[in-house]
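Listed below are the structures to be examined.
First chain A sits with chain B, and in the next complex the same chain sits with chain C.
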Partner chain A sequence: MNETLKVDRRDAKLALAHIYVAFIALALGGLAGLLQTLVRSGKFTLPANISYYTILTTHGVLLGLVLTTFFIIGFQFAAVSRTAGTFSDRVRFWGWIGFWLMTIGTAMTAFFILIGEASVLYTFYAPLQAHPGFYLGLTLVVVGSWISGFAIFAHYARWKKEHPSQVSPLLTFMAVVNMVLWLVCSLGVAATVLIQLLPWSLGLVDRINVLVSRTLFWYFGHPLVYFWLLPAYMIWYAIIPKIIGGKIFSDSLARLSFILFLFFSIPVGFHHQLMEPGVEPFWKYVQVVLTFMVAIPSLMTAFAMFATFEMYGRSKGATGLFGWLRKLPWGDARFFAPFVGMLFFIPAGAGGLVNASHQLNQVVHNTIWVTGHFHLTLATTVVLTFFGAAYWLIPHLSGRVMTKAMNRLAIIQTIVWAIGMAFMSGSMHFAGLLGAPRRSAFSTYGNSPQALEWIPYQIAQAVGGTILFIGIILVLVIVTNLAFFAPKGETEFPVGEVAETAERTPLAMENWKLLISITVALILIAYTIPFIDMIQNAPPGSKGYKLW
Partner chain B sequence: MHIHKYEKIWLIFGIGSLFIFLTIVGVSAFAKGNQPPSGLTTIDPEKVDQTPPFNKPGLVKTGDNEYQLNMVASAFSYTPAQVEIPKGAKVTINVTTKDVIHGFEVVGTNINMMVEPGYVNSFTKTFDKTGEYTILCNEYCGAGHHMMTARIKVVD
Partner chain C sequence: MANEKIKGKATENSNLKGTLASVFLLGFFLIFTWVSVYFLFLERL
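And now, the complex of A and B:
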């Protein structure tokens, strides 16, 4: 089980299966997104009595949960197999079990959404009550992802056993951190679904504690976004340096930033509940402080990336303050797409700090500003990085090569995406500042002059949404080509090497007992007292409602 | 672990900014009382119509130029649907719901609350300018969510 340059055929099949599902979700979820922006422009109504909220639920579940989770697990399987060696049959077997559970769960969830039994949006806040099949489907997705997580842990443990007192490969380490993060946070959503929502929707219990359910959801909901972001950071830290021909700036700082994400991305859920009754303001502030701490590893990442770029440019003879920019491989979509994603993370991160600040949150909470925010973070930074990775990962796994024409198309795709998103997310931010709510069908609120002001921005969103849908068609063309039609050949799975000047990585960074203890301690500090309060001072519970 | 000199400068600047932001938010919240709405009063969501003050929703004068506005949210409307507030009045808005979670946003102001079954959420605001404000639901509550609205008129 030594480091191999090529992912084993059998592991490649497992990774590809995940990636196919991810891109099918992109096609369907993207179509739903296009329809939403058209409806909100006020110029278009959905045919055949299809509800805006059914479409919205479909969009959120398919893109927020399915596209992300499947791509991430597929990518991580490939990265771990590439850097820590081919999987054992047992690890691969459990990987397939995880895949099928997630796929069956997705199909089940999608079925109940599409027949209109679960128009509860992807946050499924009680006491809106969906069909039990919706919750059961989501449970299967989460359980499947846990199994895949444990498959990765088992493979990592075996590598450590076979390589005593050696530092694990960077990509493998990062994948393990991300799956630990995922496991710890998804316990929250599993608890609310299994203990509260499922028995209540089955009629086994009459009433539900709404605030506890929401708190458990958001205990999961924020680290969820870091579960999306960390694979993008893996690609930035460990793969982009190789693509441009440079070196990883520092292995130990990369690991440190991942460890900080593990610590600080979980005990921060209250920043989604700042406007909520039933939570003492003091505890909201504690979690706001922790939320700001999670910006630190992102600052470190920004530094490391630009240091890598500059070091590379200078090694190619660049001079002057910004001369190195010209040496970067702008014509290579594997670099260009993630790079544009990085640029979008600058306003996205700043907007995130706005959302996490009490008084500013009061202005933007539940307005379409927030939708604009996560269409920068997730739908641009993360997604463009995933597209950029797909351009080498899919041909590597399918035994093909990307042609120059496809590379050119991928560059165009990135530009189309950036333009579409600038329109859509930009106008969402502006309309949000004027008070336009998120998650709402077109409405003038009884011809309110304030609501009429939003319409031009909503039309701009539809223009942006249409451009983005063209971007989705382009990426689907490229991905289909790379998977089935591109010329046969060998494509490199790029893995960066550490710069000679960087220091050795301390082994203490893999002291999991310590890392997990700190994570749990921070969670207990942030949540114990307010959570006990919620249960001790609970109002009468709520029965279920189906109001759609 | 060694950290490059430039990275140290960058991180000191970055982390320093974060602490300045946190101090501003914290001082505003704890010293100046700009806390987010965090009502801790509970109520039986099925007995809202019988529980004061929500048995008689509307504007109540509580002192010199001070008022309480008690509002009930339910799918898909607010009671009362229209309120007149005298200009310059300091109004404490109390709001609760009879059924699912709703939002309570007064467009163009900082009034923005989650309204959750079992709780009364509150926020105090002085209305200094005359004009019409739109109240709307900004948390998805069902098929008629986008029709859920009310008006505040601030009059001389």
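And now, the complex of A and C:
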């Protein structure tokens, strides 16, 4: 099992299969997004009595859950195979089992959403009740992802065994951290689905403890956003330096930030439940403090990125305070798309600090501000980084090369996305500050003056949404070209090298017993007492509702 | 030792002033956003 510069063809097929599903989800989910903005502008109604909430559930599930999970697992398979060597047949076999379980689960979930039996939105909060097939499909997606996670762990364990007392390759280590994070947090969503929602929707039990189900959901839901973000950080830390021709600023800093994400991204779910009755303010406070801790590794990442770019620019002779910016390869879509993603992370992070502060959360909670926020974090920062990665990953895996024309189209795509999102997300933020609710079709609320104030912003959202949809068409053209039509040839899978000046990485960073113990201890501290309280002092549970 | 040589080189060449300025600008932006919404909150109390 040697380190290879090229991902083995058989591993490439596995990774590509995931990526295809991800982009199919983008096509369908993007169309739903466009329809949402049009409906919310008040100038358009859905044909054939289709419910707004069916479309919105489709959008949230396909883009928030399916696109992300498939792209991430596909990318990680490729990155692990590239940096820790070709998979054994067994690892690859289980990878395919994971893929098919996830794909069948996705098809099942999508089916029940589209026939209108599961318009419960992607958070599937009780007491909204979906058809059992919806929950079963989601279960298959999660179980499939676990199998793929264990396939990655097995491959990593074998690498460690064959390279005793060596530090693992950075990308492999990062993929393992991300899958450990995913495994620990998805236990929560598995618990609420299997113990609460599924029996209740099957009619085996009549009532459900709503607060417990929401708490288990957010125990999963916040780390979920880091499960999305960490692969983007893998690309920023370990791949972008190579693309620009520079060096990784510090291997230890990159690993440390990932470890901090593992520690602090799980015991923070209450920051999504700050307005929730039934949770003691003290425990909300504890989790808000932990939330601000999880801002630290993101600030470390910002620092590392600035430093990587500046070191590179200065090595090319840049002078002055910001002269290094001019030396960056602006014409290379593999750099430009993720870089624009990074820029958007600045307002995204600022908004996140607002969301996480208890008092300020009262200003924005459940308003369209929140939707604006995660279309910056997820639908711009993460997604543009994934697009930028797709521009070399897909041709690498399909044995093709990106032409100059496609590169130019990818630059245009990035600009289109940035403009569309500035309109859509910007107006969502402002409308949210004026009180406009998220997750609601168009209404003037009986011509209330406050609701009328939101309409211009809703029209701006539709303008932005239309521009974004053009962006989706462009990226689909590029991706289809790279997968099936681009000229045959070899494309590099860039993997950065560490700067000679960086300190050596301490082996203690791979002490998994210690890392997982700290993770579990923090979860127990943050959740045990309030969770017991929710069960002991529970009100009578709720029946299921189908409000659509 | 080779290592020491490298360290010496590092302190000479690594000028990260732009990075320092960038993180300060970033910090100011975060504070500015937070304070703006905070005043909105106070106004609506």
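Some observations on this one:
By definition in this document, the second predicted complex is superposed on the first by the 548 of 548 C-alpha atoms of A that agree within 3 Å, B and C clash if a C-alpha of one lies under 4 Å from a C-alpha of the other, contacts with A are read in each partner's own complex, and residues count from 1 in each chain.
Operating definition for what follows: contacts are C-beta pairs under 8 Å (C-beta built on N, C-alpha and C of every residue); 3 or more make two chains touch, one makes a residue touch a chain.
This is a predicted model, so every value here is computed, not measured.
In the overlay built on the shared chain, the residue A:Glu117 is in contact with neither chain B nor chain C.
By the touch criterion stated above, A:Ala538 is placed in contact with chain B alone, chain C being left untouched.
In the superposition on chain A, A:Ser357 makes contact with both chain B and chain C.
Look at A:Glu492: by the touch rule set out above, it reaches neither chain B nor chain C. When the two structures are aligned on the shared chain, A:Glu500 is found in touch with chain C, with no touch to chain B.
Contacts of A:Ala307 after superposition: both chain B and chain C are touched.
Which of chain B and chain C touches more residues of chain A: that partner is B.
In the superposed pair of complexes, A:Pro127 makes contact with chain B only, with no contact to chain C.
When both complexes are overlaid on chain A, the residue A:Leu256 reaches chain B alone and has no touch with chain C.
With both structures placed on the common chain, the touch criterion links A:Glu280 to chain B but leaves chain C unconnected.
Touching of chain A by both chain B and chain C, each in its own complex, is seen for residues 299, 303, 307, 353, 357, 359, 362-363. Interface residues of chain A, counted against chain C in their complex, comprise 299, 302-303, 306-307, 310-311, 313-314, 321-325, 346-347, 349-351, 353-354, 357, 359-360, 362-364, 433, 500-501. Across the interface of their complex, chain A is touched by residues 6-7, 9-10, 13-19, 21-23, 26, 29-30, 33-34, 37-38, 40-41, 44 of chain C. By the touch criterion given at the top, residues 1-4, 6-7, 10-11, 14-15, 18, 21-22, 25-26, 28-30, 34-46, 75-76, 99-101, 103, 105, 107-108, 110, 112-121, 132-134, 136-147, 149, 151 of chain B touch chain A in their complex. Against chain B, the residues of chain A that register as touching in their complex are 51-53, 119, 121, 125, 127-128, 210-211, 214, 250, 252-253, 256, 273-281, 284-285, 288-289, 292-293, 295-296, 299-300, 303, 307, 353, 357-359, 361-363, 365-367, 434-435, 437-443, 445-446, 448-451, 503, 506, 537-542, 545, 547-548.
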